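Dropping a structure here in C-alpha cells format, bear with me for questions.
Going by the order they are written in, the chains are A, B and C; count residues from 1 in each one.
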Amino acid sequence: MTEPLLVGTDLFKMYGTTPALRGSSLTVRAGEIVAVMGSSGSGKSTLLHCLAGIVRPDDGTVVYAGRQISAMSDVERSALRRRDFGFVFQFGQLVPELTCVENVALPLRLDGVRRKEAERRSREWLDRLEVGDVAGKLPGQISGGQGQRIAVARALVTEPKVVFADEPTGALDSLNGEKVMQLLGQAARDTGAAVVLVTHEPRVAAYADREVVVRDGASLDLERVA
Amino acid sequence: MSIGHSFLGLLEGRPRHGYDLKRAYDERFSPGRPLHHGQVYATLSRLLKNGLVVVDGLEPGEGPERKRYAVTDAGITDVQSWLSQPEKPEPYLQSVLYTKVVLALMTGRPADEILDVQRTEHLRLMREVTRRKTGGDLAEQLICDHALFHLEADLRWLELTAARLNELAARVRP
Amino acid sequence: MSPSWLRELLLGARMALAGGRSGLARATLTAVGVGLGVAMLLAAVSIPHMMQARSDRGAARADQNYGTQVARTDRSTLVGVADMQYRDTSFRGRLVQAEGSQPVLPPGLSALPRPGEMAVSPALARLLVSPEGALLRERLHYPTTALIADEGLQGPGELAFYLGTDTLTADTSGVSRRNAFGDENTSEGLDPVLLLLVVIIFVVLLLPVAMFVASAIRFGGDSRDRRLAGVRLVGADTGMARRIAAGEAMLSALLGIAAGAVMFLAGRSFVGSVELMGISVYPSDVQPDPVLAALIVLAVPAAAVVVTMLSLRRVLIEPLGVVRRGADTPRRLWWRLLMPALGVLLLLPLVGSVSKESEGFSEWQVIGGVCLILLGVATLLPWLVQSVVRRIHGGPVAWQLAVRRLQLDGSMSARAVTGVAVAVAGAIGLQMMFAAVEANYQRFSGQDSTRAQISIAARMPHGWSDAAGFAARLAATPGVTSVTPRSVLSLNLPASPSGEQASAPLTIGECAVLRRLAELGDCADGDVFLVDNPDVPVPAPGATVTLNEEGEGATWTIPSGARTVRPLSDPLNGDTVGLLATPAALPVAIRDRPDLQLQALVTVDAAATDTVDRVTNTRWELDPLGTTWELNPTVVDNKFAQIRRGLFAGAAATLLLIGASLLVVVLEQLRDRRRLLAVLVAFGTRRRTMSWAILWQTAVPVVLGLVLACAAGVGLGAVLLRIIGAPVAIDWAGIGVVSALAGGVILLVTGLSLPVLWRLMRAEGLRTE
C-alpha cells in the first residue's frame, strides 16, 4: 500500500449549535478513489470541505503530504487549493458570463498562467472530456451533462493531486451521470489524482475503490469493520 | 436454511413448544404464508439431530407440537455465525435479510452490523460489476446495468432499514 | 377592474411581504428608497408655497412710500429704514414713531414700541443675550419690550427690530409716513436669468431623484422574477404573473409613499431650526402644493407599475425559471439619439432670448428641453456601455470577470449608473451656466479697497458745520486709522440746447480731501474746481445751477474763478466727475442745509478685529438712518456663492442617494451569486481578485457614464449659455469637482460592498444547497 496522501483525524465541526462532524476520520492514498457515502445531513459534505481546507475544523487535524492543512493561513490554504486540489460540485459552479474554455482556464489563470497557454491546455482537456465543441459557448447555452464535464475538466486542468467531487452527478440523469463518472474516474487514473467522491448514489460510489460511510458526523470505514 | 436459524433465534429468548414456534414464526417472518406442519416437524428434527436444540419438556398428547424445545450452546453459536455472514448478493434477498435483522433485534444482537456487513458486500460486488461494465461491449454493459440496478435497489433497502432500525426494534421487542 | 384583476393585484401585494425576513427586508429597502425620493419630491413641491408665504409676509410689512404722499392723520406712523449689518448678516431694522393716538401697526406687533424701547425678533433677542452679540448689544442697547410675532417675520431665524423714537420727520429721506402697512403691488418677479437658473437647478436635482425612485422600485427584481416563476409553475399565465408583479410593485410604492410622507413630516419639524443660505423657514410654511403632491401620490405607484412592466419586457418568466433576453440583440442607437436631439431642438429657439431685461420665457420649454437632454444620457448610456464593453478583450482575471459580466448583463450596472451620469451631466451644465451668470452679475465696482476699507453715510443735522465733529467721533473708534469726510450733492445743470436736463455731482470737502479726487494744484478754502471727465460734462464758470431737491431747489452761481482740473481715481467711485468745492465757496444755505449727508471714507488697521461693527456702532450713534458699507473691488452678491455651495451640496446628496441604490444593486448581485462565490473560493480564488472584479465591474460603467455625462453636460451648458447670450466657456474646475464626487461615490460603494463580499467568500456558502 502506498503512503497516505491526505489524512483527516478526529474532525469536529459545529455550525452554530448544530454539530456537523463528530470525530470523523478519513485517509486518502495517492491515486485512489474513495467514495464518501451517507444520508443527507450526515456531514459528508462538511467532511469534504474540511479535508479540502475550505473549512477549518473546530478540532482534529488534516494532514496533506506531511503538512497540516488545518494550521495553515487562509492564503496558504487558498494557494494549496489552487495548485494541488481540484473541485467538482453538483451545480452552479460555472461562472455564467465566462465561456466554457474560459471557465476551465480560470484555475490556471488564477495561478498566474498566461491566457493563451491556459486556454490551450484547457482546450486539450475539453477534447479529452468530449466537450471540445462547446468550448466557445456560455454555460447557459449547454446541457447539464456538458456542464458537469466542463467542471470535471476545470478540476483536472491543473493536474491536481486530489480531486474533491461533491455529488458530481447529483443533477444528472443516469446515462449522463455514468458518463461523467467514467470520464472523471478515467481521467483521475490517467493523471494519478486521488478522488474524494461524496455521493449518496450507490451506482456512483461503485466507481470508487472503496467506500466510507458518514453517519451522524462520524465516519465508518466499513472494510475495516468487516 | 433460514427456517432452522429462525427457530434457533426464536428459542434464544425462552424455550417454546412446537406450535408456539410455528405461530411466532408465521407472525413475524411469514405473515400470510404460514409454515406447513411438515416443515416445522422436519426442521425441528434436523435441529435435534444436529444437537442444536434439545427437548426441554413434554405436554400430554402426541406429536412435535406437544414437545417443548430449548436451544443449546451449539445452537446459539450456529445462529451467531449465520447472522454475521453476509448473504451472497442476489435478487429477492430481502426476506432472508429481514429475518436476520428481526432475529438480531429480538436476541439483542447488533442489527446495524448485519446491515453494514451486507452493504459492504453489495458494494464490493457493484464495484466488480462496474469494472466489468467499463471494459465491456454494449451487451455486456446492459447486462451489468441490470445487475447494478438490482443491487442498488437492495442497497437502498439496506440503507432505509438501517435508518429505521430503532423503529423496527420497538416493534419486535415485546 | 374585474375581480380577478383585483385578486391578482392583491396576491402580488401579499407576495411583496411574503418570504419571511428577506422578503420583509426587501420591502423595507424599497419603501425606504422610494420614501427618500418621495420625501425629496414633496420638499421640492413645497417650495412654491414656502416662497409665497415668505413673500406674502414680506409684502404685508412693506412700508416704503416710493414718492407717494401720505397725509398725516391720527393713525399715521412714521417709519425710518435702519437696516444694518452685524458680522456677516444683514438684517432689517426700522425706527417707528406714532403721529397720533391710534398709530397703525406693522404685522407682528401689538403696540408700537415707545421711544427708546424696541421690539425684536426672537432670533435677534437670542443673539443680543449671547456672547456673540456683545458688540451688537452696544449698538442696540435699548430695552426690549416686545417680541415680533411670526406673522411679522419671513422665517424663524430672521433678525429684525422695531425701535421706537420721537425724532423722525416725514420729509427726511429714508422715512415714510404710513396709514397702513403692506403693499398690494405685486413684487417684482425673479430676474429671468435667475429664474432660468432656478428652473434648471430643480430639473437637475430632481431628475436623478426620480430615477432613484425608479431604481428603488427595481430592488429585489431578481428574486421577484424567481417568485413569479414559482407562481407560473402552479398555473398562472403570463398576464397573471404580470399583474401579480404589478401588485407587488404598487404595494412597495404605496409603502414608499407612506414612508416618504413620514420622512417629510419628520424633516419638516426640524426645518425651523435650520438656516441655509441665510434663509430660515417656518415648518408651517412648508406645505406641499396640493396638486403636485396629489400628482406625486398618483405618479409614483403608476411609475412603479410602468417600470416593472418595462423590466419584465426583457425577461421571460417560465414556470421552470427565468430567462433573460436581449443580451444578444445589439441596442439601437437612433432613438436614443432622438431624445437629446429633441431636447436641443426645444432649447435652440430660446438662444439669446433670455437676459436680465427680457420679458421672461416659457419655463416648460426649458424644463422639457433640459429633461430630454438629460434623459438622453440615461438612454445613451446602456448603448455606450454595451458597445464599448463588447470590444474589450484580455486583461487579468479580475478584469476578465468584470468585463464578461458586463458583456452578459451590462444593463443592470448601466441602469444604476445612469442616475449618477444624469446628475453629473446636469451639475456640469449648471456649473457652466453658473460661472457665466456669476461673471455677469459681478461687475467691477471701481472701488479700491486698498486705499479705504469702509464708507459711511450719515445725516448731519446742521449741515457741513457738523462734519469735523462727526469725523472726530469716527476717528476715535478703535481700529480706525484715518477718516476722510466729504459730502456730495446733486446739481441740475442749465438745460442744453437740445433741451436735455443734465446733472452733475458736487463734492464738498477740505482741500486735503479734494486733493485726492483731482490734480488741484494750489487750493485754498473758497476755491471751486471743475473736473474734466468726458463721462460727465460740467457747466462753465459763472453758470447758475440748481440743487436737485424736492420743490424749488436752491440756486448757486459757479464762481468765475473756478478752475478746470484733471480727475484722479477715488477709492469709492472710480474716476472723479462733476464739481469740487471747498466749504467756504458755498453759500450757507447749501453748505449748512440740515441733514446734509456726510460721506466718510475710513481706513482701518488690518490687524484690528470687528472694526466694521465698531464703526457701525459709532455711525448708529451719529445717525441711525445712515449706512455703513465695506469697499469691495467687485460687487458679488454673496448669496450667489452660497447658492453655488448649495448646488454642490445638493449634487453631493443626490450622488450619495444614487450611490445607495448602486450599493443595493451590487449587494443583490453578490447575494445572488453566493454559491458561485463559494465555489470560486473552493478552488483557491484570492479575495483580492474578486475585490478587483467588483471594483472594475462598478468602475467601468461609471467611467463611461462620466465621459458621456461630461460630454452631455458641456453640451447642455453650451446651449444654456447661448440662451442667456453668454460666451461658451468650459468650466474644467467644476467638471473636476463633480467627477471627483462621482468617483468618490464609486469608491464608497465598492468599499461598502467588500465586507459583504468577504463574508460571502467564507466557504460556508457551499453549505446552502
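The criterion applied here is as follows: contacts are C-beta pairs under 8 Å (C-beta built on N, C-alpha and C of every residue); 3 or more make two chains touch, one makes a residue touch a chain.
This is a predicted model, so every value here is computed, not measured.
Compared on C-beta pairs in contact, A-C and A-B come out with A-C as the pair having more.
Of all chains, the one whose mean C-alpha position sits at the greatest distance from that of chain C is B.
Annotation: 94 Å between the Cα-based centres of chain B and chain C. Taking each chain's centre as the average of its CA atoms, chain A and chain C sit 63 Å apart.
Centre-to-centre separation of chain A and chain B, using mean CA positions: 40 Å.
Of all residues in chain A, those touching chain B in their complex are 39, 182, 185, 201-203, 205-209, 211, 213, 220, 222-223, 225-226.
Contacts from chain B toward chain A in the complex involve residues 113, 116-117, 119-120, 122-123, 126-127, 129-130, 134, 148-149, 151-152, 155-156, 159, 163.
The touching residues of chain A, when paired with chain C in their complex, are 15, 45-46, 49, 52, 54-55, 75, 78-83, 85-87, 89-90, 92-93, 95-98, 102, 106-107, 109-111, 115, 138, 154-155, 164, 166. Residues of chain C that touch chain A in their complex: 394, 397, 400-401, 404-405, 407-409, 675-676, 679-686, 689, 763-764, 766-767, 769.
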